[in-house]
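See the structures that follow.
Both complexes shown next keep chain A, but they swap its partner, so chain B is in the first and chain C is in the second.
Up next, the complex of A and B:
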């Protein structure tokens, strides 16, 4: 039967955009369905942010039409339905062309060799959570795709610092040399490097980032505008819209304001038919009315919207695991003052971190974590504006006295933060709410509580940051409430990957166990998450998945072309 | 550039490395001048808020490219010391006529605009340009089609340098001390290659030619590609009263008697002239501190060497940048109606810093103190905010040196 397209990709974030680009480049006829509005120009978004008060993650992206019809937790604070007795899941996302990478920080550390084998490496003990499994693929399987993803996104990093970190080798150099560490990073490294805490050694590493350190992919180098979150004003930081544009250049079709409502399976369990609704004023020229069909369907909507759509469509869930094992990273910011001026508020918000605590035997007992050194002072607590208000109203400072007092207060401000691995737990999940959005689509009901294993990791991360502050000259840092954490914006799990169709949703190639032509791309497929930011890993998986799809479709893949 | 096709002697190779150092240095200043001239504030007029975003992007790209030229200069210095030479930081003062180098393109200080961008494109011109560039029609659109495009290639210069490193026996050529080489651990230049043998020398040349001048093939992600894109942007944004650059004079000089030639025009406004003089003095001291660090063996003096480099690099964004940008907000004087001043990047006459580390430190300390005192006097005048900031930063750096 003739289908409308070869491939339909639902969602135009990093995973969907990269897959669409790779497949379109291989001459597949690709349709991308995106729920959000067309993006205004970058300058317009910067303008919206600059002139808004107060400001939030969503400020540059406010568009009444899509905020109403394709709501997200960024645009609608009550979008998640939260069960009674639980705290609202803190991580959020945008529904728009390019996805949530518009407001990501851009950090791209890889997962470690052991992150793919948590159960066999550290399992068996009484305190090791049941939810941990081994991935069906290894670090070595994904390594070439990590290199591909780094080249596609444009990652800047230090080969010397990251080669073979925790037995995780790199087969290719970073596409760009590292984003140069800030003055603050270098000073902190002088104080910390080589010192030990809990038997592990501090070593400051520059953080690999999808942020140009030189001219790359027709995008400019980072100019230190300091507002990567919520928006890079010049496009030096990578976002998914880069590959949406490349996909379209290569012949992919992009339909925005197209909210997918349901996928239908055929009698043979294959999935070809995608139903969607549109809203607002759109150019219907060259558009097919809903439903639309394709040989292959890819859902790349994120780890909340993807299970939501599967549950609505009653697909891919023979295992009964769709929506289960929702993960994030537990994030915590701590604040103190260094013994010397660090001159914050310059350059990207974070350029270095400490990887020493990501792996080790301790993971039998508690979670590993990454630590970030940040360049944004106490900006998260309102500085420097809050300091000005305080100095004027409480200390009655004015003129040059105010200027000097503000300088003295701000230049030593330091924020340290952590990102703690979350153990997979079947109680953490996405279900369908009984409540509907403006288009009548069921909203997600999200249940999340931090597992004890991860809370113990958070406690160790907090005491590590306390020790770091002591070394840096702060005896009484603000460590926040004990056990309190924020979301990291790293939404993972809910459609886990595995070899066993009775316990997982997709196979090692991201194909549904239940439907041979339905693929799920994105961090939804992560069975475990380690402690690194997930975007590079999900991009590598998407490229690997797209390669598999291309081979199945008989398209000439890159390797074949090279031969 | 030499007429010969290959280089076989150390002396010829050193001569070419000096020429490369001069070129990298001069081109970097030319870029910085254009960057300084780009407007920052909407109150300066001539641009909408949206256009201001484009102008900011241009400025950041120009500063980035200039920083890569400085890296190239540092790489050339490492190559020079690796074969027994000393870092060469002199160059003729601006302007240099088109026949001064075989580039056949003048090296000048002029504000950002189609004319300066045309020059930049020619500096960075690869040996082969992709047909889709349509350079001639782009220059025509920018109103810069009058002159015939005829130029030599920087790639040729680096080709000759490469031949020298390839032809001269390795064991004879690399007589410099290995601990004389500067690395990213000692000076905060990312991607600085330690040159100790033929392979590392070739790697350094490859890095220079890959990023910018002398690339064989046209790439979007090169300096050439960036400047072509900038000129296209400018052409498309033209009209509607768009005026992205400050009306800075061409080839200014703090004083006409500045050494090392150049037919520059003296700034007539006395305060602006003083500021331009301060700029030149700080710039010259910064160069001498960097050159000292690259010249001498680091063994035993790592701390001082790191300190000199850190201060020299600190002077660039904290003193030279605000002074340079601020000068372009100050009237040049009645002789130049409607024009503002600018920094001449004049190399003031002064001694090289001595080999003895203690004496070198003493000279730098005293000179920084003198310049900070001059800044204090100038701060009593009515000055643009950025000039005031530059003067204050200079005082802080001098007081903590």
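Up next, the complex of A and C:
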């Protein structure tokens, strides 16, 4: 039967955009369905950021039509239905062409060798969560695709610092030399490097980032405009729209404001038919009315929207695990003052971190974590506005006296933060709410509570940051409320990958166990998450998945991995 | 004696002269000053601002900053307006006096005003969103440490 397209990709974030690009480049006829759109433009968004309060994640992206019809937890604070007795899941996303990478920080550390085999490496003890599993693929399997993803996104990093970190070797150099560590990072490294805490040694590393350190892929080098989150004003930071454009250049078709409502399976359990609704003013030229069909369907909507769509469509759920094992990273910021000026509020918000606590035997008992050194002072606590108000109102300072006092107040401010691994827990999940959005589509009901294993990791991360502050000259840092955490924006799990079709949703190639032509790309497939930012790993998996799809379709592929 | 209200030009001149003392920055853009004056006059600070400007004029030409501190900043009723004038020049933000305690709402004006905020340079930084710098400048101590913005 003749289908409308070879491949339909649902969602134009990093995973969907990269897969669409790779397949279109191989001459597949690809359709991308995106619920949001590409408006406002980058220039308009910079203007919106400048004049908005608060300067939140969604500030630049306000767009009434898409916010109304394709709502997200960014545009609609009550989008998630939260069960009684639970705190609202804190991590959010945009529904926009290019996806949530528009407002990501851009950090791209890889997962570690051990992150892929948590159960066999550290399992068996009484305090080890039973949700942990081994991935069906290893670090070595994914390593060539990490290199591919780094090249596609344009990752800047230090080969010397990141070679073989925790037995996780790199086969290729970073595409660009590192984003330079800040003045603050360098001073902190002088104080910390080589010192020990809880038997582990501090070592400050520059953080690999999908921000250009030189002209790359026709995008400029980072100018340190300091607002990667929520928006890079100049496009030096990678976002998914880069690969949407490349996909379209290679012949892919992009339909924006097309919200997928349901996928239908055939009698043989294959999935070819995608139903969608549109809204607002769109160019209908060359558009097919819903439904649209393809040989292969890829859902790359994110770890909330993907299970939502599968549950609505009653697909891929023979295991009964769709929506289960939702993960994030537990994030916490702490504040103090260094003994020397650090000159914050310059450069990217974070340029270095400490990887020393990501792995070790302690993971039998509690979660590993990354630590970030940040360049944004106490901005999250209202600085410098609050300082100005206090100095004028309470200290009665004006003129050059005020200038000097403000300088003295701000230049030693330091924020440290952590990102703690969340153990997979079947109680943390995405279900369908009984409530509907403006288009009549069921909204997600999201249940999340931090596992004890991860809260113990958070406590260790907090005491580590306290120790770091002591070394840096702050004896009484603001460590926040004990056990309190924020979301990291790293939404993972809900369609876990595995070899066993009775306990997982997709196989090692991201193909549904239940439907031979339905693929799920994105961090939804992560069985476990380690502590690194997930985007590079999901990009590597998407490229690997696209390669598998291409081979199945008989397309001529480049040889990334020796079969 | 009933004082005549200040003309627009007199108000602007007075506002700029006061602003120089409050901010510690000599070279202030008159156009920005006009915009900030308009915003203040269209806010709940309007009546207090008139008192501040008249009080300032009563201190004579180019008054000593200590006099401003003592006679205007020292006045509980006028201090919030003084703080607001400084916040405008430093950040382009206006606070809402009706905010309940512990809650702060900041109203920004135009993009031009936001990107002209002087306070960032006073701390050796730049307005978030516009560094004007080259790749890697954050590796070094700032060039403008701790200089006077606009001078």
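The rule is simple: the second predicted complex is superposed on the first by the 559 of 563 C-alpha atoms of A that agree within 3 Å, B and C clash if a C-alpha of one lies under 4 Å from a C-alpha of the other, contacts with A are read in each partner's own complex, and residues count from 1 in each chain.
We take it that contacts are C-beta pairs under 8 Å (C-beta built on N, C-alpha and C of every residue); 3 or more make two chains touch, one makes a residue touch a chain.
Every value quoted in this text rests on a predicted model; they were computed, and no experiment measured them.
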Pick one for A:218: touches chain B only (first), chain C only (second), both, or neither.
-> first
Have a look at where A:392 lands relative to chain B and chain C in the superposition and call it first, second, both or neither.
-> second
Tell me which partner A:343 touches in the superposition: chain B (first), chain C (second), both or neither.
-> second
Comparing chain C with chain B, which touches more residues belonging to chain A?
-> C
Given the touch rule stated above, what does A:177 touch, chain B (first), chain C (second), both, or neither?
-> first
Which superposed partner A:382 touches (first chain B, second chain C, both, neither) = second
First (chain B), second (chain C), both or neither touched by A:47 = both
First, second, both or neither for A:463, with chain B first and chain C second = neither
First (chain B), second (chain C), both or neither touched by A:407 | second
Figure out whether A:233 sits in contact with chain B (first) or chain C (second), or with both, or with neither.
-> both
Touching both chain C and chain B, counted on chain A across the two superposed complexes = 46-47, 180, 213-214, 221, 223, 233
Complex contacts: residues of chain A adjacent to chain B | 41-44, 46-47, 177-178, 180, 213-218, 220-221, 223, 233-234
Can you list the residues on chain B that touch chain A in the complex?
-> 49-50, 53-54, 56-57, 60-61, 63-64, 68, 188, 190-191, 211, 220-223, 225-226, 229
Interface with chain C, chain A side, in the complex: residues 46-47, 49-55, 180-183, 186, 213-214, 221-227, 233, 341, 343-348, 351, 375, 379, 382, 384-386, 388-389, 392-393, 396, 398-404, 406-407, 410-411
Counting only contacts in the complex, chain C reaches chain A at residues 21-24, 65, 68-69, 73-74, 79-80, 82-83, 86-87, 90-91, 93, 95, 104-111, 114-115, 119-120, 122-126, 128-142, 145-146, 148
